[in-house]
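Next up: some structures, all given as structure tokens.
Both complexes shown next keep chain A, but they swap its partner, so chain B is in the first and chain C is in the second.
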Partner chain A sequence: MTDRLRVAVLFGGRSVEHEISVISALQLMMAIDPAKYEALPVYISPSGTWHTGEALLDRSFYSRVPSSLGGLVEVTLLPKPGVGGLTKVAGGGVIPVDVFLPAFHGQYGEDGCIQGLFEMAEVPYTGSNVPASAVTMNKYLCKMFLAAHGIPVLPAAVVERGDAQRNIQGVVASIAADPRFGAYPLFVKPCNLGSSIGVSRVEVPGDLAAALAKVFRYDTQALVEPCVSQLMEINVSVRDCNGAAPSVVEIPVSQSGVLSYEEKYMRDGGKKSGQSQGMASLTRIIDPPDLAAEIRDAVTSYATRSFRLLGCSGVARLDFIYDLAASAVYFNELNAFPGSCSFYLWAKSRPRVLYTELIDGMIQAALRSYSVVSSLERDIGLRALRT
Partner chain B sequence: MLGSLSVVILAVALLSFGHRRIRSYLRYFQQEEYSSTRFLAWLSQRRAFDTRGTAVMALLAILSVLLPGPWLVPLWSASAAALLLAVVFVVEDDPLTAGKLKLNMTQRASKIALVAEALYAALVLAPLLLINWCCGAPAHAMAYLALCGMVIAQAPPLLLLVANKLLWPAERALQESYYADAKRVLRKVAPFTIGITGSYGKTGAKAALGELLTQCLGPTFWPRKSINTVMGITRAIREQMRPFHRYAVIEMGAYSIGSIARLCDFTPPRAALVTAVGVMHLERFGSAENIYRAKSELALALPTDGILVCNGDSPNARRMAAEHPSGTTILYGLDRGRGHLDCFASDLSFSDRGTSFTLTWRGERHPAFTPLLGRPAVLNALGAFAMACALGAEPAYAVACLANLRPVDNRLVLDRQPGVSFLRDAYNSNPVGFEAALEVLKGLPARRRIVITPGMVELGEQQGPENRRLASLCAGVADLVLVVGRTNREALLAGLADAQFPGERIIAVQSRDEAFSALKDRQLEGDLVLLENDLGDLLEGTVRF
Partner chain C sequence: MPSWSLVCSWPIRHYEAMNSRAVPAGQELPPVNVRKLGSQGPTVVMLHGWGRSLGALLPLGELLSSSCRVILLDLPGFGLSPLPFGASNDGGGWSTKEYMARIHEVLAQEGVSRCILLGHSFGGRIAVRMAASFPSLVCGVVLIGSHGLRRERPLLQELRIRGIRLATGIAKRIDGVLGTRLFAHFLAPRFGSRDYKAAGELRKTLVRTVNEDLALEAQAIDVPTLLLWGENDSETPIDLAHSFQRLIAGSELHVFPRKGHEPFSDVGAHLLAGTIERFLSSRGLNVG
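== the complex of A and B ==
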């Protein structure tokens, strides 16, 4: 029997989604296969310090941060190859690590920042690489990139914080003059955040400036989009498993959205839709059996293509909007590390993928791509300097 | 001689009792900011002396005299006394978990507690051993010990004062080193500093200005909550000021003539915001003129090219702008009847979402909204807005940022619930704030309107008349009034009677907790309850030891 691989699960971080990351990571460490892997929890505090210790597995630990951090070992990852793991801040000893599993949501963890550090340190890590993470985190770049490849997206405009600070009236006027944003309401949201923080639905032009100012509390760029008045959201997860493989789709349902879903999207009028899953009162319907096959297929096909085009790895979740009035599907956004790793979708997929297998797949993919990257030649010796 | 077991039992009981008592009194000493004078005044005014421990010791003394008997008696009586002290220990609240403001075991508090406990231990053990050694008859020894115990039971508050005095030189040295460290940080970061003072509204204005500057101009440092003393600001600077901070908003509390000048010396302001000059804390200053002089120290500390922004609704803040103008002097307000205003709000309307108004800045009108409620909050927003614009913010963007201001805890914050909703205005009430809260209470939809208040304090001679006046105003808005505590009970009841408010709709209670349980019995769905002021542990209810 070979030795278990030690997987450093990194979570928390300096993002507004800090808490969600803690929840995702705790779930993930419960599901990781203990026969193959040894999970090493590594918590990045809101102030940016890295800590490891058994206490991190206890949920109550987090309500006592920062005082509870005292009982942990502070570590760091040095940005140089060959260290072999995490370096203890006190004393400099090394805690060996075989694979890094970043379980962050949002800034610094899902946007290419920590991936850049992994690249510098030349360590294997799960999930998407630097460019894929960076592009998918920026909603505008991601949409424009995919639009250029024929994936349908809703129109969008980016507003820079500095422009708004200097001349908000000019910014508002230019949006008002843009025919793509002629009809209200509009959606205004942070360009680089994953959660719903800072998002506004602007009903009248007079509220646009305040909505932009709200975004600029959290982000340097705001995204303005038209609001599809009658819409259904459809999400699907994609993972790399000898190519991009999609999960079943889900439909997140708000209380007000249930009716339109049942009335307009189910082939038989939705009599059995929500109930068939026993989840009508919940916020999502997984694998809705009555969803028109062409819609489902379009979403799944756009999702796998987008995943490949962006060069994603690991497990991602892609969110789409279905416009009821226009019968059109639009790509909305991609989460490079979705909440709970979307395991609830994979558990219902065909073939079924349990959370443990999902994590195993992520780690194996990380090792595969590490071996590919490691085979690249980098050192070509001194030439220019020698002459 | 007593048996050694009796001595041990008594010693352990008295030491445990003292341990808890020292912490219980320390909670109040801490709330009085470790001021001996204020703590002693509180002690005598509230008659917060020990009664329970003394009673136990008195009982022990009497028993020892009345029942001189065989050798077993001391052990029995010592055990009985220990048991009673243990009951006291269990019955009394743990200061670390009880009260509105719990005992916070800071380094300073821990040191004071430790020294006080060491002194207390000496006070317990010395007579115990001495009397036990000197006294032949056990009954006599026990009686003498019990008499000593009566004195010892009164010692904890005084030992805290002694401990504080003993520790003061070291504490002062520590504070001076922190002060120097904060100075060093300030020199290095060199933020553009804005000082804020006022009889009320300064914490709300500080938060609003901090937010606006961060959103409109650049990273801004401001100590949270109502930190406004040299030591509080020192700590905030050392812990939270970062090299990227371009602005610093410093609330400057006036505790006496010279205190703002000292703060200005510490964090020299280049701009100043004066939210109001009223009669709050009149007792500390002696006269309204002294309050004006104390607050004027901020305007006087500005450089010649400074920026002075004053609330034109407050006659003395307006006077300050006239008597000590700076490079740029700006007046803001709501009441244009008092004279020129550079920045004012009109057409105010309140809803559950917040306050809508028209903001006029140097002749230009902007439709504006803020999630904050009430005239004082709008005034604070105006002051912050005027200062931000004077510092270079784009007015239209600053107006947009007003829509995203966050309320400061307990300053007229609406807490809508499916059953009973609360309008929380528990922070340090004053006549202007109280009146504004009633206006909001009246303006918001509700089934019945209920006011819970202990009235206002620190208003000097005006305290009685002002509480009476506001109670009369309550009568015009409220369907039910709960008067909390004894501090202002007479004046509040008189005011309600002046307005012929029916007696059956008035409930007088001892404490906030009692008010809530009285409310529970009477509340109906859709009620809106205004919590106006909260006097804190030092003034509320009865303290019994």
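== the complex of A and C ==
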């Protein structure tokens, strides 16, 4: 066990998806191959402090935050190369780390922020890099980028929080006049969040302001999209494995038509006290046998193309909408670090990929990528300053 | 999920119940509920632990089914397999010998001539006995948190157990002579294990199997054997794994940090499936 790589699994963070990240990370650390890797849990508290310690592996720890943080070692990652790991805040010693595995959902962890810190510190890290993370986190930018490359997307408009605060009537009127949206209902959701937080289905124009206000509690940009009346959601995971490889597809099953946070992450809609296993506990049809091959192929093809075009790495999940009336597939969004790493899809894929192998693949890809980036020449000497 | 036979004796309705409906004496042995997965590779027969059913090992079986033919079964008296009269309290209870014989019959009915036995906990006892008794049938063994060996206990614990056994003997004699219920009303509720209290019609089977020491059988195992243990297993602590490793020549032990008596639960199934597949491959057992 002495040759094991130490993998710092970072989770929590300053995002509304904080607890989903905790669930994903705890699950991931239970599946990481202990013969090859030593998982070092690193928890970023809601206030932004970084902590490590064995107690983080106990799920009950998190219900006692912040008082439980006292027993942990506070650490940080300095934004300079060559440190070799995490620096202890008290005393300044270094805890060696070989690879960083960010297991965040949402802002600061999945949007390029922490990836930027990894780049500054020049450490190997799993998942997508700064630009891919930043673009995929912003639903509008992502859709516009992919649309420019021929991937079908539904029309969308962005409402800035400031504009809405200044003139909500004007915003509502401009959306009502937008010919791309047609009749209500519309979907209104945060532009930079996942996990279905802040999502509303707006049935009449009079409800639009309330839906926007709900979004602006969490985000500074709201995305407005038409509502496909007869739709089927189809998700697929893609990972980089000698190129972009797709998993089997899934059809998540929703009781209300829109997957809520409770449906995604809490068993029985949160009515019972069972432990959530994150996205793995959602009701879904995996690899539906009666899904038409052309729909499945279209989704898979658009997904692998999108993954490559955006420059993603690691494991992503891409969500599509199938318009049953128009028989058309639309890209909806991309999760650069999906809940439960979408392992439940890979377990049913052909060839099957175990969660353990999925994590192994992410870490090995990170090391390969690091070795390529490290080999790039950065120092061209003084030229302009010398003259 | 690929399936080389879709035969499933009964639909799976529940997983954890012990089946206390004893089939009356004199009747044929009741059927054993079998579930088969996978279409290629070696045959892996999975035997669950006490008080559980095939459902406990199903997630692991599903993962293995991409490279193996998997046979999961509800042990007689558990899950959806009815309780044979012999295994009931009135029938005197079964030892692992009877369980072994019944599984041997089921495998013959299924046309299995060579297989890898995977046993968890109580299922491990049966796997150990079968591997020692049927070397031409069993070509590999996987034991997960297995029972089957008598543990060396600290002196105080040993004295306590001996004291309970002595008291039990005395109480049963008094009950026999005076018609009292000292054992049932006083001793069992205070000193019986959780399994003992919940055993119901399988209580005599539990007592018979718990008291078996399969050290000689373990020593006789002459096929590749993989031992998988949770570091925090309090039911079959890690010293049992080391004892098995000493007894079974060439056996390979993997200890999983931070896992307990069921290291295959939740995403642990992925860890164990990979370890099992690598083991089968390294020992040339990955072909059907």
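We adopt the following convention: the second predicted complex is superposed on the first by the 357 of 387 C-alpha atoms of A that agree within 3 Å, B and C clash if a C-alpha of one lies under 4 Å from a C-alpha of the other, contacts with A are read in each partner's own complex, and residues count from 1 in each chain.
FYI, contacts are C-beta pairs under 8 Å (C-beta built on N, C-alpha and C of every residue); 3 or more make two chains touch, one makes a residue touch a chain.
Computed from a prediction, not measured in an experiment: that's the story for all the values here.
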item	value
Clash or fit (per the criteria above) of chain B with chain C on chain A	fit
Which of chain B and chain C A:Glu357 touches, first, second, both or neither	second
A:Ala347 touches, of chain B and chain C: first, second, both or neither?	second
Chain B versus chain C as contact partner of A:Gly206, first or second or both or neither	first
Contacts of A:Ile168 with chain B and chain C, given as first, second, both or neither	first
First, second, both or neither for A:Asn242, with chain B first and chain C second	neither
Nearest-approach distance, in Å, of chain C Cα atoms to those of chain B in the combined model	24
Interface residues, chain B side, partner chain A - complex	215-217, 367, 369, 393-394, 396-397, 399-401, 403-404
Residues of chain A that touch chain C when the two form their complex	27, 30-31, 33-35, 57, 277, 343, 347-348, 350-352, 354-357
Complex interface listing, chain A residues touching chain B	164-169, 206-207, 209-210, 212-214, 216-217
Touching residues on chain C, where the partner in the complex is chain A	1, 62-63, 66, 254, 256-259, 266-268, 270-271, 273-274
